[in-house]
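What follows is subunit A paired twice: with subunit B in the first complex and subunit C in the second.
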Partner chain A sequence: MTTSVPVDVRDRESEDTGDTGPRDVGETLLEVDDLAVEFRGDDGVVRAVDGLGYRVVAGRTLALVGESGCGKSVSSLAVMGLLPPAARVTRGSARFRGTDLLALPPARHREHCGRHVAMVFQDALAALNPVHTVGYQLTEALRARTGASRRDARRRAVELLDLVKVPHAAQRVHEYPHQFSGGMRQRVMIASALALDPDVLIADEPTTALDVTVQAQVMQLLAEIQAERNMGLVLITHDLGVVAGVADDVTVMYAGRAVEQAPVRELYEAPAHPYTRALLRSVPRLAGGGTDADGRLPVVPGRPPAPGRVPSGCAFHPRCDLARDVCRTDVPPLAEAAPGRSSACHFSAEVLGGARG
Partner chain B sequence: MAELTRPSPDAGTPGDVVLEVRDLAKSYPVRRGVVLKRTVGQVQAVDGVNLTLRRGRTLGLVGESGSGKSTLARVLVGIERPTRGAVLVDGQDVSTMSRAERKHLRRSVQMVFQDPYTSLNPRMSVAEIVGEPFRIHPDAVPAGGRRRAVAELLELVGLDPDHANRYPHQFSGGQRQRIGVARALAVKPRVLVCDEPVSALDVSVQGQVINLLEDLQDELGLSYLFIAHDLAVVRHIADEVAVMYLGRVVEQGVGPTVYEAASHPYTRALLSAVPVPDPGAAAASRPLLLEGDPPSPADPPSGCRFHTRCWLAHQIGAARANCADGDAGSVPERCRTQDPALLPPDAPSAPARPDEETGPAPEHVAACHFADLVPGGAPDTSSRTSTSTSTSMGADS
Partner chain C sequence: MGRYILRRALLGALTLLIVMFVLHLLTTFAIQLNGNPALAFFGDRVPTDAQVAAVEARYGLDDPCYDQTGNPCLGPFVERLGSYAQGDFGTDLRGREVTDIVATAAPNTLKLFAVVTVTWFVLGMGLGSVAARWRGRPTDHGIRMSSVLIDAFPIFVLLLVYRYVFAVPLSGWATSTFGADSMAALWFRPSFDDDHPWATLLVPGILLGLAGSAAFIRLVRASQLEAYTGEHVRTARSRGLPERHVVVHHVVRNSSVPVVTAVGLTFTEALAGAVITEGMMNIYGMGGVLWEAVRASDVALVVGVVTILAAVTVVVMLVVDVAYAALDPRIRYA
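Presenting the complex of A and B:
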């Protein structure tokens, strides 16, 4: 499919820095380091993301997991340069093949992301413009970036819809978003994100509003496209079931920080942070079981802190069953808990040992 | 507290049928034209559904969006009137009642809505929200005791009664859903219709609300109709499960039977599409992907409504085509032309449940011509229980 791209978008990038070219397996495409984002509001400054770092590798899927308000979406908006006016990046970098996107002027930042980093938003109906045809929206970016003709753009739109398996693509490019079902709209969103053959695709809760059957279709589609194009995929989600099926690496976030980072199998087998452990336990199991002795669902007591009201010390301590005095005062750093994985807990060795033992 | 924990005087004994739905149908006209509207068709949102809800039990209702589960809920609580069929509360047909009687009975069936962010009026305090049902049903609690009743309700759902004068925006999603539950409980109903009560909540908070609902059920003897698309949550909370597809119930039975020996191809596909929080099992199992979206309820397929997306029908069709017996279509003719009835599947694997009431309804029914051909046991779901990760990964991605 990629070979039939009528306009090779890479041609126009020759003046750009050396960040083009084919993607090698295992190549680090995007590296976010020590990212901090603050919101200014009526109640003063609120830190939504605090010292987040992760690495997106070609051909691999990174899941950013967390509950609402943990900063998972805000951090990706920062990478994309799409933060609302009240927010700003106060620290850190997001290097795409060595170029720090956050250090670029806004226009260059958007241009760079337009070519290399694309995003799929959660609510496809809100993200699509109701007064333009799907075909027009699919290729808006393509026309703006490459100056492709209308005819080429239309042909490309049909190809893109075919790629995401929308039936009768040639007719459907002329239809409007309301004529598509929820699952089909999300496919359109994915297609438009793929229009410029991005190196990194950030999918923010791409299946949350969909039925399980349609969710399975969309996730399989994303996985296929990612493997075929050797793309780096960032999957932002709260659903640990979805993560288990598609992710290679997982970053668990809580109150703006990464609390655990590990390859997916290790994480599910033996979580090294009490929050990860609690999250995994609280997922209802289809096979039954997973309940405590009274047949009740295990729960994490309390609720995630609102940004701006993050507890002192370890942000998770009020909800943690392991919390001791040190947790109330000292912020635990994200440190290696075992080879290839890290956890931000004063007692990660204990958590890890308990899970394994 | 004592007053609230005692359900309505005519509560009856556990196992009594509190709510029954007989051949219920609800259709909406499809209209064309701006000035001269004419009806060009009917959307059959719910089409011939039979359900029985017993006291103290939970009936789970699952299905994709557009399957009619929310319409059914709206008919049950009286927001919509059925086009056909009957809703019986305590054996009395609601549609044949006088207005006053209906209003009284309606107290028995209350609803918890899906979205705790839009189902609470932002300009009303919590006390006003929870106390509002008393304005409609003044006989529920004597006028002097309402303030106390509100405080008791808040305490019952685990909220601080001192927060009664706060507004919805001051609460988190889970707390707001508790307010919604308190409001539904205000007029002492016997049945709660819960329409996706936890799907808008964070994972770590979902469990809290589910546990609250279970506690309230034990304490107050409530019956729940629990509508959800999350089959794992339904598995946990429901005693019985009904699966809906395009306005019809296609499979129904006690929880373990439906989950472990699903006999309808649609139920199988639904179950296999649920993501499993276990990377090993997820890699080992391949979901039965349904193609496309459900067809429009305005123009449901002939015969079995599921035949257009049915993997089993296609398998059978393909097998027959290989035998070259001249069946041109890829789907067996019976599926295309005959509407299957809800019958007990011929699966001997269905475990006997001696503790069940010997009611007239069988314990497990499915509407499929080929229910006996649905592979026995449930290889998918049972392999998913294992937490073993020894399964070889093969070449991942």
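Presenting the complex of A and C:
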């Protein structure tokens, strides 16, 4: 089984962009800052992402966690320049090694996709083209962008399928996506994102459409590939169980904003935001320790606000057990709650202290 | 793939058989209700019984079942299938072989269809793609308006206007500018010329194609719009492919399946349009032959020509089905 990173792809491409080089451990690859995305709809303008910032570091996995509709997918589509026509970026930057992707003209922005920042989508059946063979889709970018020959492309396609551990890769490159099982299809999706050896991989709920045993395998695979290639990985998910296993850093999102950012271990040990705390309590545990007095699994009360109808002050206050008057009027800034971590809560010290005590 | 084609071909043969049987039933009932078509052979003269009997025998109309209203006349049908199988399609009332008539008329019709199909593709794919690419912009609105406008002018109106308003001045201008033997003069001739079939078929073909292209433009636009919103298009873009590549390989390619299907359906409509076009532009083609045969109650010719047209349609449908499978791999394994 070949798992080598073909260096030639990178060499051939580095001429026109110049900013591609080997990735150093701990190097900041992608820095998103103060990102805001708005949708124009029939009932006015809706802000889906509002002031989001995060850093993706080579060799580390950042998890973007939050409920549906909190803006995690939209923010990554904005970074990729793939927002639907109704949406646009109104503020902020996404710097890849210093180049602000969002300030580039669309065609130049597109050149960074796949090569520097690549993306794995949730539903591989819909995200892969049904009328092209898997082999074609794996190396389409390679052939179109680097002028690789048909034979090189075929070899590379087999190599990529081997890399994501699809058995009988040499035969399966000739098959179509509908001939693959769900898990294998998601592996193909991952392989196609890796075709140009990207520096940052954004995986948008890569395991949501899969059944549980396959989920674990795919996550394991992603983690292995990320470690092997010293790549920066952004994992978008709502599954805190997945986060605990593979992430290094966590950004918890609520209503388009980051509400807490922390290294994964510290976040699990002591959340500094009431929303994170509520989320962690609602993760089922085998030992039964997570249940409340009735033996039921606690849930976060209420529902996330509909975009466009975000409450005043702290967006989480209607569902928060700590909410006080100030929460209804003032938006809490994302501020340092402890060294290396930040929280957007007026009472983060209290939450943090309560969890530790 | 081989089994798929075989299955489709068998289905096509069955369809053809059913078409022939229905055609046979219709002509049989027409004979039973309207009287003896053998009389048409004699025109205004009154034949003797012996003469009628001889003609009936010659055209296979002597079976007594033709006098019994409601009798499906299966005997003559089987007989006709037998002679068709041997390549014998009978003769028309003037004694010409139906196969000979078709052999002279069919190439002109096929040339007309070739021009029509090319026009569909150029206009439909071209304008439809442009409209989808710039949806909601003035270009899109303009193209959609034009397609409605085209729909408002049926083929016979287009041809009438062309023939009586444009053809004479245009051909006069082309003759005086480029000479009577020039290509341009032939293009705008108001009638068909056997020596220059392609040149004189061009304008009628384009007009017939134009009339059918409106629905085509809208279909291409709609199916491409659907493809544009597909998640696979977003994936292709996420690979950093240039927009032109994405449009060709993921939008146009994916939207080609419904478009090819529509070609088959529109083709049958064009058969009807061809009858009108050939009539108005004096083109000696299948449509014209059929028209004359029906007017002259020439049963053998009508049955022969319709059978051949049905066979052509079945073959086109088969080609469409195979193209469909070639374009969408999911079909083959379904």
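The rule is simple: the second predicted complex is superposed on the first by the 340 of 357 C-alpha atoms of A that agree within 3 Å, B and C clash if a C-alpha of one lies under 4 Å from a C-alpha of the other, contacts with A are read in each partner's own complex, and residues count from 1 in each chain.
The working rule: a residue touches a chain if its C-beta (ideal position, glycine included) is under 8 Å from a C-beta of that chain, and two chains touch if they have at least 3 such contacts.
Since this is a predicted model, take the numbers as computed values, not measurements.
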Simultaneous placement of subunit C and subunit B on subunit A, clash or fit: fit
Contacts of A:54 with subunit B and subunit C, given as first, second, both or neither: neither
Following superposition on chain A: angle at subunit A, subunit B versus subunit C, Cα, nearest 10°: 80
First, second, both or neither for A:212, with subunit B first and subunit C second: first
Partner chain in contact with A:316 - subunit B first, subunit C second, else both or neither: neither
Subunit B versus subunit C as contact partner of A:176, first or second or both or neither: second
Touching partner for A:347 - first (subunit B), second (subunit C), both, neither: neither
Subunit B versus subunit C as contact partner of A:119, first or second or both or neither: second
Partner chain in contact with A:300 - subunit B first, subunit C second, else both or neither: first
Subunit B versus subunit C as contact partner of A:96, first or second or both or neither: neither
Touching partner for A:127 - first (subunit B), second (subunit C), both, neither: second
Per-pair minimum CA distance [subunit C against subunit B, superposed on A] in Å: 6
Residues on subunit A engaged by subunit B in the complex (per definition of touch): 59, 61, 67-68, 167, 181-184, 211-217, 219-220, 223, 226-227, 238-245, 248, 264-265, 268-269, 278-280, 282-289, 291, 296-300, 303-304, 306
Subunit A-facing residues of subunit C, complex: 230-232, 234-243, 245, 249-250, 253-254, 257, 327-330, 333
Residues of subunit B touching subunit A in the complex: 64-65, 172-175, 202-208, 210-211, 214, 229-233, 235-236, 256, 259, 269-283, 287, 289-293, 381-382, 384-385, 389, 396-397
Interface residues, subunit A side, partner subunit C - complex: 80-82, 107, 110-115, 118-119, 121, 123, 126-133, 140-141, 144-145, 176, 178-179, 189, 192-193, 195-196
